[in-house]
Structures are given as C-alpha cells and as structure tokens.
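In what follows, subunit A forms one complex with subunit B and a second complex with subunit C.
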Partner chain A sequence: MEALAMHISNGIINGPVAAVFAVIALAAMAYCVMRGRQDLDDRLAPMAGLVAAFIFAVQMLNFPIFTAGVSGHLLGGALAAMLVGPWVGALCVAVVLVVQALVFGDGGVAMLGLNITNMAVIGIAVAYLLIAVLLRVLPRTPAGLAVTAFVSALVSVVVAAMGFVLQYQLGGTTDLGGNLAGLAGTMAVSHLFIGIGEGLITATTVVTVAKVRPDLVYALRALKPAAPVTVPTVGGVR
Partner chain B sequence: MGAGHAHVLYREADSPVHRLPPEVKIAAMVAFTIAVVATPREALWAFGAYALLVAVVAALARVNARWLLLRSTIELPFVLFAVALPFLGAGERTEVAGLHLSVDGLYGAWNIIAKGTLGVWASLLLAATTNTRDLIVGLDRLRCPQILTQIATFMLRYLDVLVGEARRMRVARISRGDDPRFVWQLRGFAAGIGALFLRAFERGERVYLAMLSRGYTGRMPTVWQGTAAATSGQWLIAATVPVLAGTVAATAAVLT
Partner chain C sequence: MRKWGFIVGGLLVALLLAGVVSNFASSHPDGLDSSLREGCTFDADDEIIGGSCPAQQEREHEIGGPLADYGIAGLDNDFLSTGLSGVLGVLLTFAVAGGAFWLVRRRDRAPQDATGAERTDPAVTSGG
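Let's look at the complex of A and B:
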C-alpha cells in the first residue's frame, strides 16, 4: 500500500488562512453531525462505513500532475452524497481525511480545515445540489441515474480543485504573481480528467446498487417520501 | 477477520511511547504540528530544533530512521511543487549557481519542505506507535462526536472486507478463464466495481447486524479499550514535546 500524498500538506498555505478555514470546516462538520444523526439508521450505518472505506481505498489511486508537481486523485464526494446523503456523506469524507492525516501523514494536520472544506464541504455540496436538480430533470431510468452520477462527480471534483486555487490565492506562502492563473489552469485541466474517471466509477457503482438494492441509494429515497419499510431503530443511533 | 486490525504503518514494539494512552499522543502530535506551522520560515534554526525533538521521540519509540525516511516519500508530490516555486515565484530575484531564482520562491520551497516533512514525521510516529483500534479509542476519549468514531470504526473494519472481497472476485474471474495481466486487468476490475461494492456491503451488513444482536449500541465496550484513560502524569510526560516546540516557536517569532 504505497501511497503518495495528495492533500494539502503543512506549509503550503499560511497559518491565518488555515485557521479561518479550520473554523469554517469545524462549523460545517458540527452542522453535519447534527443533521447526520437523524439520517443514520440501521441501513445507513454500515453503508456509511463502507462508503468511507471505499473512498479511503479509492483515494489511494493517485495521479501525479507532473507539470506543476501537484497531484490529483479521486474524491468520492458524489458517491457519498448519492449513497448516504449530504450530511453523513460529508462526515464520511471528513473521517477519511482525518484518518489519513493522523496515521498516513497524508495532508498536514494543521491544514485539515482546508482539506475538509475543499473535499467534504465544497465537493459534497456541489455534488448534492447537482444530484437534487438532475434527478428531477432527467428521466427516471438507469441511464438518467448514470448521467446524474457522472455529471455530479465530474463537476464536484473540478470545483473542489478550484477551492484549493482560491485558498492559495488567499494565503499561499509564495506569491506566484501571474503564474497563479497557470496553477488554476493546470488544476482545472488535470481534475477534468480525474473527474471523468471518477464520474465513470461513480456511475457504474451507483447504477449497480440502484438496480439490485434501490433502498440503499439515499438520493432515490428522498424522491419517494413515503418509505414503505420502517426499520425499528435498535442501536447505533443516538 | 478477528485479527489484523493493526495497519501497515504500525510497528509492533514495547516502548515508553507505545505505552502512552492514545488520546495523549494525538493531542501532543496535533499541538506539535501547529507549533511547527506557526513558526516563521526565516528562523532556520527552529526547524533544526524540531527535527531534534522528532529524533528524540523516534529513538524513545524505537522507530529507526531508515523506516521514517522511506515512509516520508509520501510527500514527494509536494516536494516537486516546492522545487518549482523558486522558478515561478514573483518579486525579488537572486542568483544561485548561475540560476535566476525568486527569493520568495526559495523561502516558500523551504517552508513547504521543512513544515511538510516535520508534519509527516510527527504523524508517522503516531501511526508507528498506535494501532487503529487505539486511535479510535483516543478520538472517542477526546470527545469526538460518536457518529464520527462510529463511521471511522466501520471504515477501518470494512477496508479488510473490501480487500478480501476484491481478492475473491479476482480469483473467481481467473478461474473462469480471465487472464489478468498488467493494465488489461483494469477493464475487468472496472466492470466489476459495482458488484464489488454490493458484495462488500452485504457482507458488511451481516457483520453489523451480528454486532447489533450481540448488544452493540454504537460504542465499543470498555473491554475493547486496551489501555486505561490517561492519568495527569501521562499528560504531563507527553506535554513536554509540544511545550518544547511551542517555546521554540515563540522564541523564533520574537527573534524574527
């Protein structure tokens, strides 16, 4: 399991900006914890764990972007938003980031706020908004679902990458001058390719799950408010 | 599946650092990293002091330097980014070995490499001396919301399920005449990724229901917690590292 770092590591963004984003991330996560508690039932608890494990594994696939020395990887935000909903989904991504920072040294601990803001907050928010809109607009067919998953994954990856560019502009430790546009361009183009890969994986996974166990797809559950099965809450929920 | 909850980076050993309760180590590591990041980059000596601190803790934890250096390659992409900075940076320029380099860029590169490396070392030391189970116990004792520790517990548990299921599916493909070689096996893998997810979920769901029927309420029983909660003495011992680092950071901030 030889992995390369891909989250923002210590020293790339200066302290004050990192602190501001840490506060933003903390507030967003606190809200997600509140909302997520209501969502987490017996079906969602193991699903949340599996989604987090899946994202953890998938983030190990890393594509170096040689031109700028920045690397990109799959984020799994759209998958999480699709299968476990935005609140628990954001928590899943955040858990992955925290564990990676603590035990793999992947992404600086002091930069966790930035990474969580990009991938767990921005990535999930964009993905879920797109999912909510597209699922209403597109036909309710496997193809419609696949397109939804693909587009939301693609766009969320590119937007999350732009989050890094914004943070770099606010508090990059080195003034790149006119080269910032170059950084933005490199990040956008490379994450476009990553987004295509991520879109394909998300679409395949979601469509398969929706075919066999549609009850497991959170985004589809939200569309049908009258859930026929009520599972008694036994434990694991508080 | 009962065994093997230790992760790849955990180094089985018995040392003063291994014996410290996990919550103490996590807190010390986070505080140390923040002190490092807050240090002004011009204070070169401060980073030497931090490296010395890391070396002392590594020696106490019986983690050898070679392992630490090998594992540090995780931050290689950012080193590459750092190397590009002196060429891309704006502002005042200086001449180093016949190259026109940006002063700001040079400092920036140093900043990223020094702070990044120290951060990676700190987390590697935590990883080397704490297994994943203890890590979650530590987060739980640091009052991390239960929903987060619960997701983390299942994540680490299901990683093994996922890997095991992927292995089984690969064997199944091979025994049906698939001939995976190099890149070509990617196609078979990609086609089966949805099935992999579903199979892993159904296995994971069974595990979860089995846990519920044995009285799981969202929190692991106390038996599961290997070490007792930290005493104030242990907090004091672990606090030496971040306190020293904080002193260095404060001195550096005053001097520059």
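Let's look at the complex of A and C:
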C-alpha cells in the first residue's frame, strides 16, 4: 500500500538534477533563516510551530477532485505566507517536508531539494507576491482577505506544479519523447482543481484566524493599506 | 496567557484533523502521482501491469521506518494506525519547527512599542 505518497519519490528525477536542486533549496532556506530571524519574536515563534503542525495535519487530508481516481491535498505555501510571512513560512513548509521524508517515508530523501524548491520556495514566493499586491488593492474586509487568500493559494499551487514539470524536463527518468506537453497538461489541470481546494482551505483558515486573533496574521501586520496616512514608517522595509 | 490559548487550541484542531479526519481522506493518488501514472495500467493491488509511464522508475525510499506511509508498522487496525501516525506527526512537527524557531528567534529587542526610532542593530550577536 503506497497510495499515500504525496511528494516526488526516489527515481523520478535523476541524481545530478536532484543534487543541484538540493543545493538551491539549501541556499534558499539559509537565506530564509537570515531574513526570518528578523520576523521571529516571542509571538511569532510558537505561531510558526503551530502553522507547520497544521500544514502537516491538513496535508494528510486528501480530497477528491474532478475526475474519478485523482485526489489532491494542501501544499500550504499561501497559508504559511499569510500567517507567518514569506521567510518563516518557507521554513515551515520545509520542516514539514523534511519530517515527511525522514519519518513518514513520503518523498525521497534524495528528492528533498526538488520538493522544497517547488513547495517551499516557488509556492511561497508566488503566493507572497500576490498577497502583497492583492492586500493593498482589495478592501480591508473579511471578503478582501478571503479573495487574497484564495487567489494566491490557487495560483501558487499551479506554478509550483509547473516547477516539477521544469525539473522533469531537466532530469526526468522516463523519456517522454522530448514532449512534456502531456505531463504539463495533466499537472496543470489537476493542480488547477487542487488549487481551488487549497484556496478554499486557505481562505477559511486565514479568515478564521483573522477573526479570532487578527494580530497573529503576519500579512495584516506587515502590509499596510495603500495610503499610509499619519504613522511614520520606521525602518524595516520589506 | 492569551497567546498560548490560541496555540493550544490550534494544536487541538490539528490533532483532530490528523488523528481522526485523516481516516476519511481520499486514498486515490494525488495530482502529482496520477500525472506520473499516466500511460500505465494498474491491477487491483495497484501494481503496474502494462504500458509505460514515469512512475515505473520509482525507487524504494531510503529510510521507510515504522511510520512509513502514515501508518504504524504492525498495527492492524487501519483507523488507529493512520490516526496515531497523524497525531505523532503533528506533535513531532510542532516540536521540531516550534523548537527551532524558538531557538533562532530575535532576542535583541525590548517588547515592541510604537514609538521607537532606530532600534534594530544589525550587528548580530550569535549564540547566547
């Protein structure tokens, strides 16, 4: 029974390409530790631990999507970026992937760099760029927050899936006759639907947290509305 | 303390999701896996019986381990096996992530107030 494998397994991408992405992922995570330290205070640290644990839990909840026989699960990038910021958020997703690979046999250990690059680096980067734009242009209402969460989650999932297609182009172990259109197509379509699920979960979770403890939503703290009026901004340009 | 109330509440939700709700998750292959299985045919035991697809190149996991595939090795009750592995995973992830974040957190600033001017000293004091 191996139906619960959710991430790239050993053998799917060749060793050299996996190694290159391991270096990329390691460098990216080191940078995130540097930047993330500025964000991590006594309040954010336990919250970030909770976000990682929550992502682990929700990743176990595969939901059925459009076609018979295909499921999807949360990747968590947009959720983490919203709640604890891009740098710490990327580290949260990476910790989940490391725990899954080392303890739960999910995702090859040699493939960790590929999985981290797609979900923790690409997924978070795309999500946070969208969050930064949308939160500034949309109204500061629960609806605006929900739309921001939904759209950033949806798009980040599809782009992260395309990250895998790029990796497969570079080091895929099955010769698809130089034609990746088929793989790209199935990945794009399935992850479009997974992205809708991801968007709904992310929007629900973020709006709930914002209702209970708005001070715990990083994006609401860090991204001020478009026209800052009286408050002089102090340092910390992000 | 208010902060910890939220953390404990959130953890309970995560434990409930991973410990109970996880048993109702879809067992179909996910978007990635199903894309890699495109082109192959499978029998009832999920073994490849024909065709050609990227999933054929899949190799054994390096470690496996007693919690591999989100179950507890040797525990026959599927519900307990999945649920317990989920609970362990949530606690382990919280401990690893929370512990690491707590260790590297910023400690060079007084509790924040709205008035401060330049307070962040980029000179990093490591260790301590």
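Here is the rule we go by: the second predicted complex is superposed on the first by the 208 of 238 C-alpha atoms of A that agree within 3 Å, B and C clash if a C-alpha of one lies under 4 Å from a C-alpha of the other, contacts with A are read in each partner's own complex, and residues count from 1 in each chain.
Heads up, the rule we're going with is that a residue touches a chain if its C-beta (ideal position, glycine included) is under 8 Å from a C-beta of that chain, and two chains touch if they have at least 3 such contacts.
Computed from a predicted model, the values in this text were never measured in an experiment.
Once the complexes are laid over each other on subunit A, subunit B and subunit C cannot both fit and instead clash.
When the two structures are aligned on the shared chain, A:Ile194 is found in touch with subunit C, with no touch to subunit B. Of the two partner chains placed by the overlay, subunit B and subunit C both lie in contact with A:Phe56.
Contacts of A:Thr186 after superposition on the shared chain: subunit C is touched, whereas subunit B is not.
Of the two partner chains placed by the overlay, only subunit C lies in contact with A:Phe164; subunit B stays clear of it.
Using the contact criterion defined above for the overlaid structures, shared-chain residue A:Val33 touches subunit B and also reaches subunit C. Residue contacts after overlaying the shared chain place A:Asp41 against subunit C, while subunit B stays out of touching range.
Of the two partner chains placed by superposition, only subunit B is touched by A:Thr204; subunit C is not. Once the two structures sit on top of each other via chain A, subunit C runs into subunit B at 79-87, and not at any other stretch of 79-87, 169-177 or 241-249. Annotation: subunit A residues 1, 3-6, 9-12, 33, 36-37, 40, 42, 45-50, 52-54, 56-57, 62, 64, 69-71, 88, 91-92, 95-96, 98-99, 102-106, 108-110, 173-174, 176, 182, 212-213, 216, 234-236 touch subunit B in one complex and subunit C in the other.
By the touch criterion given at the top, residues 3-4, 6-7, 10-11, 13-15, 17-18, 21-22, 25-36, 38, 46, 52-65, 67-70, 82, 85-86, 89-102, 104-106, 109, 112, 116-120 of subunit C touch subunit A in their complex.
Touching subunit A in their complex are the following residues of subunit B: 7-9, 26, 29-30, 33-34, 36-38, 41, 71-85, 88-91, 102, 104-105, 107-109, 111-116, 118-124, 126-127, 130, 132, 135, 145-148, 150-159, 161-163, 190-191, 193-195, 197-198, 200-201, 204-205, 207-209, 212, 215-218.
Only residues 1-12, 33, 36-58, 60-65, 69-73, 88, 91-92, 95-96, 98-100, 102-106, 108-110, 161, 164, 168, 172-174, 176, 182-183, 186-187, 190-191, 193-194, 212-213, 216, 234-236 of subunit A touch subunit C when the two sit together in their complex. Of all residues in subunit A, only 1, 3-6, 9-12, 15, 18, 33, 36-37, 40, 42, 45-50, 52-54, 56-57, 62, 64, 66, 68-71, 88, 91-92, 94-96, 98-99, 101-106, 108-111, 173-179, 182, 200-201, 204-209, 212-213, 216, 234-238 touch subunit B in the complex they form.
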